[in-house]
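Beneath this line is the structure, given in structure tokens, with notes to follow.
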Amino acid sequence: MAFEQVENQNSLNEECGIFGVWGCDDAANLTYYGLHALQHRGQEGAGIVANNNQHLWQERGLGLLGDVFRDPQRIKSLVGTAAIGHVRYATAGSNGIENIQPLMVNFSNEQYALAHNGNLTNAKTLRKELEESGSIFQSSSDTEVLLHLIRRSKAETFKEKLIEALNTVRGGFAFLLMTPTAMYAALDPHGFRPFVVGQMPDGQYIVTSETAALAVVGARFVRDVQPGELIKIDDNGIAIERYTENTTLNIDAMEYVYFARPDSNIYGVNVHNARKRMGRTLFQEHAVAADIVVGVPNSALSATAGYAEAAGLPNEMGLVKNQYVARTFIEPTQERRERAVRMKLTAVPDVVGGKRVVLVDDSIVRGTTSKFIIRMLREAGAKEVHVRVASPAFRFPSFYGVDMQTTEELMAANHTKEEMRQIIGADSLEFLSTEGLVAAINLPYQGAGTGLTTAYFDGHYPSPIYDFQASLSAWEARGEVDFAPEPTTTYSPTQVRTLAKQDLHLEGEQ
Amino acid sequence: MAFEQVENQNSLNEECGIFGVWGCDDAANLTYYGLHALQHRGQEGAGIVANNNQHLWQERGLGLLGDVFRDPQRIKSLVGTAAIGHVRYATAGSNGIENIQPLMVNFSNEQYALAHNGNLTNAKTLRKELEESGSIFQSSSDTEVLLHLIRRSKAETFKEKLIEALNTVRGGFAFLLMTPTAMYAALDPHGFRPFVVGQMPDGQYIVTSETAALAVVGARFVRDVQPGELIKIDDNGIAIERYTENTTLNIDAMEYVYFARPDSNIYGVNVHNARKRMGRTLFQEHAVAADIVVGVPNSALSATAGYAEAAGLPNEMGLVKNQYVARTFIEPTQERRERAVRMKLTAVPDVVGGKRVVLVDDSIVRGTTSKFIIRMLREAGAKEVHVRVASPAFRFPSFYGVDMQTTEELMAANHTKEEMRQIIGADSLEFLSTEGLVAAINLPYQGAGTGLTTAYFDGHYPSPIYDFQASLSAWEARGEVDFAPEPTTTYSPTQVRTLAKQDLHLEGEQ
Amino acid sequence: MAFEQVENQNSLNEECGIFGVWGCDDAANLTYYGLHALQHRGQEGAGIVANNNQHLWQERGLGLLGDVFRDPQRIKSLVGTAAIGHVRYATAGSNGIENIQPLMVNFSNEQYALAHNGNLTNAKTLRKELEESGSIFQSSSDTEVLLHLIRRSKAETFKEKLIEALNTVRGGFAFLLMTPTAMYAALDPHGFRPFVVGQMPDGQYIVTSETAALAVVGARFVRDVQPGELIKIDDNGIAIERYTENTTLNIDAMEYVYFARPDSNIYGVNVHNARKRMGRTLFQEHAVAADIVVGVPNSALSATAGYAEAAGLPNEMGLVKNQYVARTFIEPTQERRERAVRMKLTAVPDVVGGKRVVLVDDSIVRGTTSKFIIRMLREAGAKEVHVRVASPAFRFPSFYGVDMQTTEELMAANHTKEEMRQIIGADSLEFLSTEGLVAAINLPYQGAGTGLTTAYFDGHYPSPIYDFQASLSAWEARGEVDFAPEPTTTYSPTQVRTLAKQDLHLEGEQ
Amino acid sequence: MAFEQVENQNSLNEECGIFGVWGCDDAANLTYYGLHALQHRGQEGAGIVANNNQHLWQERGLGLLGDVFRDPQRIKSLVGTAAIGHVRYATAGSNGIENIQPLMVNFSNEQYALAHNGNLTNAKTLRKELEESGSIFQSSSDTEVLLHLIRRSKAETFKEKLIEALNTVRGGFAFLLMTPTAMYAALDPHGFRPFVVGQMPDGQYIVTSETAALAVVGARFVRDVQPGELIKIDDNGIAIERYTENTTLNIDAMEYVYFARPDSNIYGVNVHNARKRMGRTLFQEHAVAADIVVGVPNSALSATAGYAEAAGLPNEMGLVKNQYVARTFIEPTQERRERAVRMKLTAVPDVVGGKRVVLVDDSIVRGTTSKFIIRMLREAGAKEVHVRVASPAFRFPSFYGVDMQTTEELMAANHTKEEMRQIIGADSLEFLSTEGLVAAINLPYQGAGTGLTTAYFDGHYPSPIYDFQASLSAWEARGEVDFAPEPTTTYSPTQVRTLAKQDLHLEGEQ
């Protein structure tokens, strides 16, 4: 989506990326490179916790990974053969260092660290209960609830405590949890977020958000973590079990549309290829007579290629994005504010001049950027600008791990398509249909439903949303949104399958 | 060229970008945005000098523009209605703050600031002479020579002193010079570097390295600065004259191939379009049977589009570049060094697997990166990899403003094409011909020669190289390189044309 | 004591200084100046929490106050009309930012901040209990226990919860606790640490560690906080009550000897004057024939003046301390290590040459510095060096708020006085007697005992030491130390006396 | 003087301190410690240039030495066995990094670095001449003139060029000049500034501003540099010659009164002892009935001790200075400005209450601080405050190395003593006489005159002041100031005395 690249307020932001490794001499260094491959999932904070079997060491800070670890001493100080790391998108107002993950807690007798990608939908309720019975939270993050639940559990072993806690929280989560003796990975029962297992050439296991992070560190892909799974990795190898049998698959469709890297695969589907198919389907659904196709860089470039190929039109670089990052100042006048926007994106008169342009974007959030881009294209001489969006219109908020929990600024939630067209100043405006999106992703999924969460577009929420229910009550009253019931959870984790290394790549649970 | 993006040692680096404005309330702010658009021309230092008609104020520092001006106070402290700025690529060993431009000198009775894009070929000789007669240099930069020549001149007026100095230095230069009462711009007699005049909506003049910087600040393009021109801008407007009549046009062909932004125009030629034509010509010269075309991001993407369109093959995202910058550490093992490289660029198995790939790059310097990329593509499953380079092979060094003054590490200077192919591991390797390059650029130039400098490829140097002559003597002995004589200079600047604003956009000197 | 000034490892360090104000427009600024006056009590971290009646804002960091608040924006961001602040001495190994106070906790429905001067003697035991019932600590500081106790209390009101918590912790504490609606101050039942109430000219109340901090901000002294008191300050004024009736006064004698500023008064006794009396008494107890008296700057200068006056000898500047602070590097050789020490303190040959010198110090901890100073004096030509220490020898550790919890490196705990004299190389060595110290302080105290804690010197601990009992068991077995029982506490706070402003300065509870 | 400690604008500031060493393995580290001992001579910038016999390496920055070299890599990067360093007081407006010394110049074929303590009185004139013949200055510092004079000299050898330059500049200077092959030290013909030679235990030579810097690094004092001397130190040892025979001794009396450290000796006179004698003489000249004597810390403490001893009165700590440095903010109200002042200095009611106080200060510049201190003392209960100043009143400016070149803000230049008394609010006010000052310093000098510069007090300038003549013309017209003629200089340096190490300490030229 163009918006995020041009203005980073109120846009659609992924909440995080996580990476963990067990048994490597240079665990923190490996995690640094792995997190760099996930930087697109969170740019406002980064941290790594390393484990030297006796003690956990934490380094974290605000800003990009490269800023946080500018001093190489910070990586060097993270001694140990295991590590977990996190890159974070922080919502406004909660940008303190105490919210940067991995969170770490030190007890008199033990230490844990926790990294979380996702969003818990009952965290406020649980936090209130925990605080009422005396717990003190160090952060304002929903993630910390899990640590308190583990600590409060009366179960016998650490793993039993953890399973109890996993069965108490609701919403979207991919967790990595480090103790001095083991690393645990767990995915929520709906599989809202991508989460994969990889293996280094020497056999060490990695668990991380995207396959692109495996490639960077030279690891091969082993398998996707399945909804409801709990994985324990320690010096004895890897053990996979289910902490609940009540699972479905509802991977967030926006991972394919926008969040994930084009070189990542999610449940077997390559993201670049999926986006090309979205572009192709978009053309099939909404062809228009034009001279050239122009994509909004960088995120819409795959879909643009698909559209252009299907249309048989030249795919031209009519918009150029400045790949360097520099702060824009708070500018007092409209003229100077536009300067700040053009700093990031400009139109090329020699490319678009006199042309009928199909402008392909991956999504429209507030519309502000679309409006600006279209004006730039026209100033650069474009004769017509037809906007084609490679995803359906955003009409509803999300609560499973994306920072879009109100719809006040969501253009499509407050305007008809024709109003939107007029506001952004396009000659025509069309969106990919939800069906087209689902078909383009083409998830090799055999279960009930599509395997995808498309609530943003169609209001079908795969589970209740607890703390946020009030946000949707008006829509619910009008029958525009509906909620699948939460699968009934029972404390009946299945038998652990401790997998031999040679078996792992034969796994074909999908 | 891929190399620069992956490893920034010993690659081909542009020396600088410059930007100047006269008569704007927010001159330093405007310059900041303008320089950001030129960041690709120099990432190791940045500076701005502002002028409030009485005093010049300087702020400069090492690193990216955004790092140097992270504290907004630095921009605020640059008061005044005129400013010049500079982004710098610094060669190793001379990375002191004293070399960061604009250079500024304070006399008892006056101040100047100077920003320079290019490289003087007789600076060492001049410096030695000046030092012998008592001058002290504050920097190790060749640029400072001009300041001393002005100061030493016995001519009457400042402008006459400047003209005398401009007629003394040799090599490539686009200069911006600020005094409290005027801004001067001058281009060398060969026009080695791009240099353009623009105008703000309210009439204020800008002179800068690329048209892309005009677009960012909302200025319109007025005209290219011509070789041998001296432009004076002050509160009376703009005055253009020639400080010498002995000029030719020899714009560096690498500006079109690699240095300039795709959205810039140079002498009327859009860079993106020129690169597409290079790709198209490359296909015409060296077609090969293949399934897909993959470009090395970001610099080769325009040429790749041209090749793919001409070939009728899909243009696929088989290589993904991480757009975030983070330092790589000095890694002790080969395995970890490769991790550092993959951090920046990865191949996508789902895109290239089982395919015959045409890999389009813009140039090959040391070959190290090409070798690495080809290996990645093969590991990702590519069946064949045919390398097509959208410029001729680099066989000779450059001395007019690019950091490539020796050929020890220049692959094509030391190996045959077949040796290169074997070293990088390609199935085939072909380069665009020099003729093809010249034709693809298609410069609307009526004078003698091509209007381009192609010395890197063919050894035809458009002027003597003075301080560096020894570097080329062996080649010269073998007749592989030749030098055009320096045009005889005479102190006969033509009559000044003071241009009314309305006339300017009618100028069609080219 | 000389030691701290020359070497800051393993010396005798005060744990902290605190400052709070309610009802001032520039509360954070006032707190900044107040804390600066307390910088001698803690140099390794500083923080301020401000309160704008709705929200608490926290800024804190490692290092000196001036370093933490170098950026004036940090003070500006602390909006509100009330604030508490803290300067901290951090023991090695726990120097993380999470331990810098004021600690702040954010609940769903409320916020507190807490600043603590002192040391809790049962914190480890309490923490273990709290963790076992599910609490998670964010810091390794003993202070945090109080927050958890408040949170866990089943009492009705916040104040009742606080009183319950105050009756649960043991040891030395002066607490300042901020909530959005009130500021609380509480002193332990023994009054180990100084704690005073002051008032601004416009009537606003301040509570802080030393009267010197009142003077800096232009406040007048109102009264010393009494052992066992809980003070609540809010928009209704000040209310003082006792949270326990079981109190004694045992102010740490080292506050008079070394910790407090000479311009502070504690329980009515001016510290400079007390030190002069210590010096005078020291002469009376241990006169020696000499030519001049030299004090170890800066802390021994008051005692030195007292000794010199009593002896009728010239008080000479034979040692000069460099008032500027600069880091010393880790030096590889003995020669260079000595350079690092001389950087801070040098002897003056023209002053001490040929003289019989009485060297007055306030205390001897490890003896290393004394040895070094005596050698410097001899090298500077001193004929004799007679060391006179204005406090008794340290033989036992402390646990009520001073970083001296083992005696391994305590010279007097491991050597006879004669051995000490030989080690440090003095011609004679004498200490002030405990009786002499008590008499010199001359505390206007009518209760049982001396009103002072002199456990360092005589092993009489005014209360049990819980977590640390094992440290002293060998001594206890030999009968060298003894412990007064903890006063039986009952939850019977006395009636609150809400004081009118005009009454406060008439208070004469002492 | 109190003023500098409380407010650092417009006070009396020493211009610099310098330190150089030749032949030590850890030359930069040694220089760091040496400069720290000179920090009182300049707090606004610091720098070191090291010499590894082939190349000079420079590190410098704004602020205190400890801030500039906070990163230990900066010291480590200064490789070499020789080094010179500088601490600087910068006048307002010229606080750029380019003025921080040592200045360094890089020629094509050589490098020098220069550090200067003092002020050249004909620098503006010389600079104008040099600029007119084409020189460009990198700094606004007067020091740089010397480098240009050396460079411009037509003399044969480097030393001859240097001697010619030394004979061209006028005013006060102690220079240290480093080349890759030698270190040079030169003192002006009047000896305005202290400058001493020392020797390390292993024989290496040091030249520095004060003997206190020798003590810190473990060096012994060898001899004072004499007016007109040029010293060359290289691998062959030390060689001392005179670059002019026309010399007198006019050491600045303020070095004894205020600038130098109490533990330094200048021309054989210990500064602390001289100050005690000033205090004693002050009592003899201006006794007053009183109860206690209070000194303004830290600089007046020696004089205070002298006064108190002579008067037989107790020397009490009635004013306490906070030894920690922290920034004060720009405060909007008078009340808050006073807070900022009290942050640095407070009065002690328990010490001064009800007492008749003699307040001893070393000097009065603007009077602002005296006024503030007296008010604080009265608020603290002092019954009477009699101000006694241990130097004569400042009536005239200085031009030989002190930042006091106008008298607009000089209280004694604009008011009678009685007016001053009323303004500052003292019960009485008296100054030491110039004769008393000269007698108290008691310089063992046999030549013409006193050997001291006392122009501040009596208007007798030991030489013309060139660039600044206009400043004094009104006074000169009234006959209040007079100038000794500059000794006629001839280029006749005496024979070099190359001193064997064993001879050096036998030198008794004084």
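Lettered A, B, C and D in written order, each chain numbered from 1.
Operating definition for what follows: contacts are C-beta pairs under 8 Å (C-beta built on N, C-alpha and C of every residue); 3 or more make two chains touch, one makes a residue touch a chain.
Here's who's who by UniProt: A, B, C, D = Amidophosphoribosyltransferase.
Bear in mind the structure is a predicted one, so any value in this text is a computation, not a measurement.
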item	value
Remotest chain, subunit B as reference, centres from CA atoms	C
Interface residue overlap between copies subunit A and subunit B, same or different (over half shared)	same
Listed chain pair C-D, A-B or B-D that repeats interface A-C [over half of contact pairs the same by residue number]	B-D
Separation of subunit A from subunit D, taking each centre as the mean of its C-alpha atoms, in whole Å	64
Rounded Å distance between subunit A and subunit B, as computed from the means of their C-alpha atoms	38
Subunit B-subunit D separation of Cα centroids, rounded to whole Å	51
Multi-partner residues of subunit B (at least 2 other chains)	none
Pairwise touch network: line, ring, star, complete, or other	ring
Chain pairs that touch, as defined at the top of this document	A-B, A-C, B-D, C-D
Touching residues (chain side subunit B, partner subunit D) in the complex	97-98, 105-109, 124, 127-128, 131, 133-138, 140, 147-148, 151-152
Contact footprint of subunit B on subunit A as seen in their complex	26, 29-30, 33, 36-37, 39-40, 43, 64-66, 69-70, 72, 75, 212, 215-218, 261-263, 265, 270, 272-273, 298, 301-302, 305, 309, 314-317, 320, 322-327, 329, 331, 335-336, 338-340, 342-343, 346-348, 350-351
